[in-house]
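Alright, structures below, take your time with them.
Shared chain: subunit A. Partners: subunit B in the first complex, subunit C in the second.
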Partner chain A sequence: MDVRLQVSMVFHLDKCIGCHTCSIACKNVWTDRKGAEYMWWNNVETKPGTGYPTKWEDQSKYNGGWEKKDNGKPELKMGNRASRLINIFHNPSLPKMDDYYEPFTYKYEDLFDSPEGADQPTARPISMVTGKFMDIEAGPNWDDDLGGSPVYAENDANFEGLSPEEQQELFDVERLVFFYLPRICNHCLNPACVAACPSGAIYKRGEDGIVLINQEVCRGWRMCVSACPYKKTYYNWSTGKSEKCILCFPRLETGQAPACFHSCVGRIRYLGGILYDADRLTDALNVDDDKLVDAHRDLILDPRDPVVREKAKENGIDERTLEACERSPVYRYVKEWKMALPLHSEFRTLPMLFYVPPLLPVMAKTENGVYETANDELFSPIEKARLPIKYLASLFSAGNTDQVSYALKKQYAVRLFKRLETVGDVSEEVVNYALAECGMDAEEAEAVYRLTSLPTMDERVVIPPMHREEAMAMLDDDMWEQKGSAGFGFREAPVRGA
Partner chain B sequence: MEMQSEPKRARTAIERLAVVGLLIVFTTLVGALRAEAQDDGAKLFETRCYSCHNIGGGDKQGPDLKGVTERQSREWIEEFVKSPTAMSRKDPVAAELFKKFSPTIMPDQTLTPAELDSIITLIKNLTSKNETFVPSGAKLSRAIVPADIIAGKELFTGQIHLANGAPSCNSCHSVNGVGALGGGTLGPDLTAANIKYRDPELISILQSPNFPTMNTIFTNHKLTDEEVVQLFAYLQNAKQVYPEASVVPTQAAATTDPRFLVLGFGAATLVLIGLNVFWRKRSHGVRKEMVRRSKI
Partner chain C sequence: MMDNLLFIVLPYIAVTLFVVVSIYRYITDKFSYSSLSSQLLESDELFYGVVPWHIGIIGALTGHLIGFLFPKEVLWFNGVPVRLYILETTGLVFGLLALIGIVALMWRRIRMPRIRSVTSTVDTIVLVLLFAQVVLGVYTALFYRWGSSWYAASAVPYLRSLLFFQPDIEMVKPLPHIIKTHIINAFLIIAIFPFSRLVHMVSLPIEYLWRPYQVVIWNWNRKKIRGQYSLSKAKEDSNMNVIGR
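Take a look at the complex of A and B:
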């Protein structure tokens, strides 16, 4: 057993209101720079929809992620080492700028400087790349709220498993439905970007599992951009280096929540430490698609288990960190309650950002030309969900509908449970049946309710103490020697006259 | 004083004989050396000068050198040979010569003073005897047969490598009928080489090309006798097939073939198609295509 710590995340989609505050917070802190204008380390997509960059989930176009191989060694979908080397100057699987969008601003000065004329002056859009006038054709959330769009919604890559009738139903006016999918870097356990980098510039931090690109080593080959199936590494055309979400590690190291977590209006974001067994990583990668979620979950270890704690300490994980892991909301949602699922686990990168699938709103219907929102039952059972379970399963459990059903049933049962408790217009039998169906007792239902609806900031974001001093000790460098010679300045000694 | 007064001892007969003998040996030796120098001169003249100059046989590409030693000083000759072009700029006689033999320009020669001396000796010698220079080696090693023309072409184009490792002729030269792609354009078109030079001169050139560019390459990679025969046959034939070819060297001759243009377009098209096939899996952008194909 090789116990490692991962700072892991849960996004509760049932709470997301699609306000993009997270995206703006991230943009303001990190990507409001030349060359990074088009990057959205955090973005919010409307589902069904094609996302950002367009159709990122369609790996027949982008060749991201891993493929299972019979020899037990998963291979990058973009090709083996030899073919990657051959294509190193001519990477064929890159998204074009148009697939993201060409960043633009407006020529505001025209509003003030234009000569007097018969018409009002306008601020024409100009490209932030070329500085020339341009026609805006797309944006990072161009399909925002376009639930039934025949352009964007219909081209959702997750419709593959759905029959034409099932697809058509999604576009009936009265059935039309959409939800939001906020995305950041998943800080995967088996990151394809790290494996694909020819320069060895990308690494997964040993002490907390944050995946980072070393800007001093990156040579801008852009192999990571192709390899990441979530398209969460971005090439900065100004610096010639690739960049990605850093999970606001400077904030985490000082005990603050990442900017997107901190600013989340719907409070959908949970962060906490997770212990996992690195020895069994390859086992979790070599299972069939429908078992991937279970295998992924199996890697996660119980921080209360004395054996785990012993092994964790051997690996230099501090006692206070273990205590934080015990309080981790992520551990509860993912491992204890099995309500949070990884996004597209079939990409086999073992993403460490989990999603609680959305329990969609009350089912409406039209009868005799009357739009009727009332239902026989107060909450429509998940079997009657507007979005087919198959669709959600394609997103969150590699096609395994049982996993998604279970997560939805649990949310459904908690709703009924609380309805009975607070209003009392649901029969106890129905509630007990719903609880029993997902093997939940009243205590757990209450806990789910509390962590979902009433969590404080400290309960949502449980940052394990970063212990930078111990992370330093993990490095091979003799830090005491550095201390004596450098005085201050971590990487370079101050030099007179330099 | 006694010693001074001692009478001179007379030479003995044997001593006289020895002196005479020594003199004979010495003169013979000098004569032999001079003869050898003249032989050297002949060989040098044949390899280095004969392709363009004669002694007593009349003008060729360059003037007949008979009596040049009487017309000009040794210093003049030496300076001229070292750099004819430089000489032509300052010396009226040299300028006149250049005018007369235009457009041919004599290349700079790298002769040591000793080599120049032996050539001058040869010229003096032949002039005084009023003899004409007869090359000894500029002969084909055997008679030409028709198959030599084909073999010569293959040698010219490089289909058969030259035995001593020299580059094939068409790296620098072209000749009519060598193929649509033509040959190189560094050196002159050789279609008319057989008119410009008489047979022994051409053979001499093939045996030891004495042009500055070729000299450096072929000194250590001489053509074999057999190759000389085959290439000679090929060049002779080229003139017969294309009698209209000009003696004046045409540098652009290789590109006049219209097939070259067609071939160029064809090859470019093939390369472009090949690239398209080779990179057919390359991503060409997703969004634009998706929007174009959607129903609205």
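Take a look at the complex of A and C:
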């Protein structure tokens, strides 16, 4: 047992209101720079929809992620090592800038400087790459709220498993449905970007599992961009280096929540430490698609287990870190309650960002052409959900509908349970049946309710101590040499090389 | 006098710049070492330029290196006309590939506003020098029948004399102007190398073929810092640790 710590995340999609505050917080802190304008380390997309970059889930187009092999050694979908070096001059699966969008601004000066005339002056869009006038064809969140739309929603890659009738239902005006999917780097346990980097510039931090790109080692070979199935590494066209979400590690190291977590209006984001067994990683990668979620969950260890604690301490994990892991909201959602699921686990990168699938909309459906807001049942059961379970399973459990059903049923049961308690217009039988169906007792239902609806900032974000002061001491024999000489970022502006 | 300047002074300046500036830049400004790929901005046309260019130039440079290392063997090989033709044709094919590639790349760079916006002055100088070099090389291969033997018999002894600090330019003096220009231009390219994006050549990631897929870096030694752990063992385990081979 090789116990390691991972700073892990849960996004509660049933609470996401799609306000994009997270995206803006991230943009303002990290990617408001030349060459990074088109990057959204954090983005929120509408599902069903094609997402950002367009159709990123379609690996027949982008060749991201891993493939299971018979010899027990998963290989990148892009091909073997040699193929990476052969394709180093021209990477055939690299997304183009137009798959994201060409960044633009407007020529605002014209509003002030135009000579007097019969017409109002306009601010025409100009490209932030060329500085020339351009016609905008796409932009950030271009498909925002376009669930049910022909161009965007219809081309969602997750519709593959659905029958044409099921698909068509999603586009009927009265039935159309969408939810939001906020995405950041998953800081995977088996990151494809790390494996694909010819320079060895990308690495996972041993202490907390954050995946980073060393900007001084990156040579711009661009393999990480195609290897990441979530398209969460980006190529900076100006500096010629790849960049990605750093989980705001300078903030984490000083005990602050990452910018996107801190600013989340719907309070959907949870962060906490997870202990996992690194010895069993390869086993978890060699199971069939429908068992992936269980295998992934099996890697996660109980921080209260004395054996785990013993092994963790042997690996240098501090007592204070273990205490933080005990309070981890991620552990509860993912392991204890089994409500949070990894996004597209069939990519086999073992993503460490988990999603509680959305239960909404709970009410309202059309019956005989009439839009019914009231049901015979208070909350319509998940079998009648507008979003087919199969669709959610394609996103969150590699097609295994049992996993998604369980997570939804649990949310459903908690709702009924609280309804009985606060309003009392449901029968106790119904509540008990709903609770029993997902093996939940009243105590757990109350705990789920509290962590879902009433968590404080300190309950949502439990940052394990990073002990950077000790890391500094390790850097050199003479720790005072480092004092005052190290900081974040560059000592000079990161300018493009000649 | 002019010959001394071009064939003795220039080469030494060029190689000195190459070595000193490359190392200095690597030490002080690693961030600037990049291939500066523009594939994200434009991918389709790039393919028809960048692939033939790299295959062509790697083939041609390898040919030059073999000639430099084994001049006698090359001369012996060329002793039979058929073999001479094979060598010359191979060189010409690589040269033409490089020529097609660089023309496509220049055309793309001139024509596309997105690519122009990531073109520096140094990029332009490098492109012009490389284009000239390839044209001169292909011209030699086409219109001088014994280019490879010439190289082995005249240019290589001259280059080796430079290497051993006993410059002897008698062998290059009688060469045609085209070939002389080719040599001078080569040193110009070597001189500009460390100031340009050409530095990506020295970071060819061959190590990737055998390194483990996953890279985990510990900022502190996880066992030394808190566990009961011997220092010698800690050193062994430090910094690089690897999962999921």
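Here is the rule we use: the second predicted complex is superposed on the first by the 461 of 498 C-alpha atoms of A that agree within 3 Å, B and C clash if a C-alpha of one lies under 4 Å from a C-alpha of the other, contacts with A are read in each partner's own complex, and residues count from 1 in each chain.
By definition in this document, a residue touches a chain if its C-beta (ideal position, glycine included) is under 8 Å from a C-beta of that chain, and two chains touch if they have at least 3 such contacts.
Since this is a predicted model, take the numbers as computed values, not measurements.
Once the two complexes are overlaid on the shared chain, A:53 sits against subunit B while remaining clear of subunit C. In the superposition on chain A, A:90 contacts both subunit B and subunit C.
For subunit A, the partner with contacts to more residues, out of subunit B and subunit C, is C.
Within the superposed three-chain model, A:155 lies in touch with subunit B and out of touch with subunit C [touch as defined at top].
Of the two partner chains placed around the shared chain by superposition, subunit C is the only one that A:191 touches, whereas subunit B remains out of contact.
When the two structures are aligned on the shared chain, A:282 is found in touch with subunit C, with no touch to subunit B.
Judged by the touch definition given at the top, the superposed model places A:314 against subunit C, while subunit B stays out of reach.
By the touch criterion defined above, A:432 lies against neither subunit B nor subunit C after alignment on the C-alpha atoms of chain A. Comparing the two complexes, residues 90, 94-96 of subunit A contact subunit B in one case and subunit C in the other.
Against subunit A, the residues of subunit C that register as touching in their complex are 29-43, 46-47, 50-51, 53-54, 113-114, 116-118, 120, 122-123, 195-197, 199-200, 203, 205-209, 211, 213-227, 241, 243-245. Subunit B contributes residues 279, 281-288, 290-291, 294-296 to its touches with subunit A in the complex.
Listing the residues of subunit A that touch subunit C in their complex gives 73, 81-82, 84-85, 88-91, 94-97, 127, 129-132, 189-191, 194-195, 197-200, 202-207, 215-222, 225, 235, 237-241, 278, 281-282, 285, 313-318, 467-468, 470-471, 473-474, 490, 494-498. Within the complex formed with subunit B, the residues of subunit A that make contact are 50, 53-55, 58, 61-62, 90, 92-96, 98-99, 138, 150-151, 154-155.
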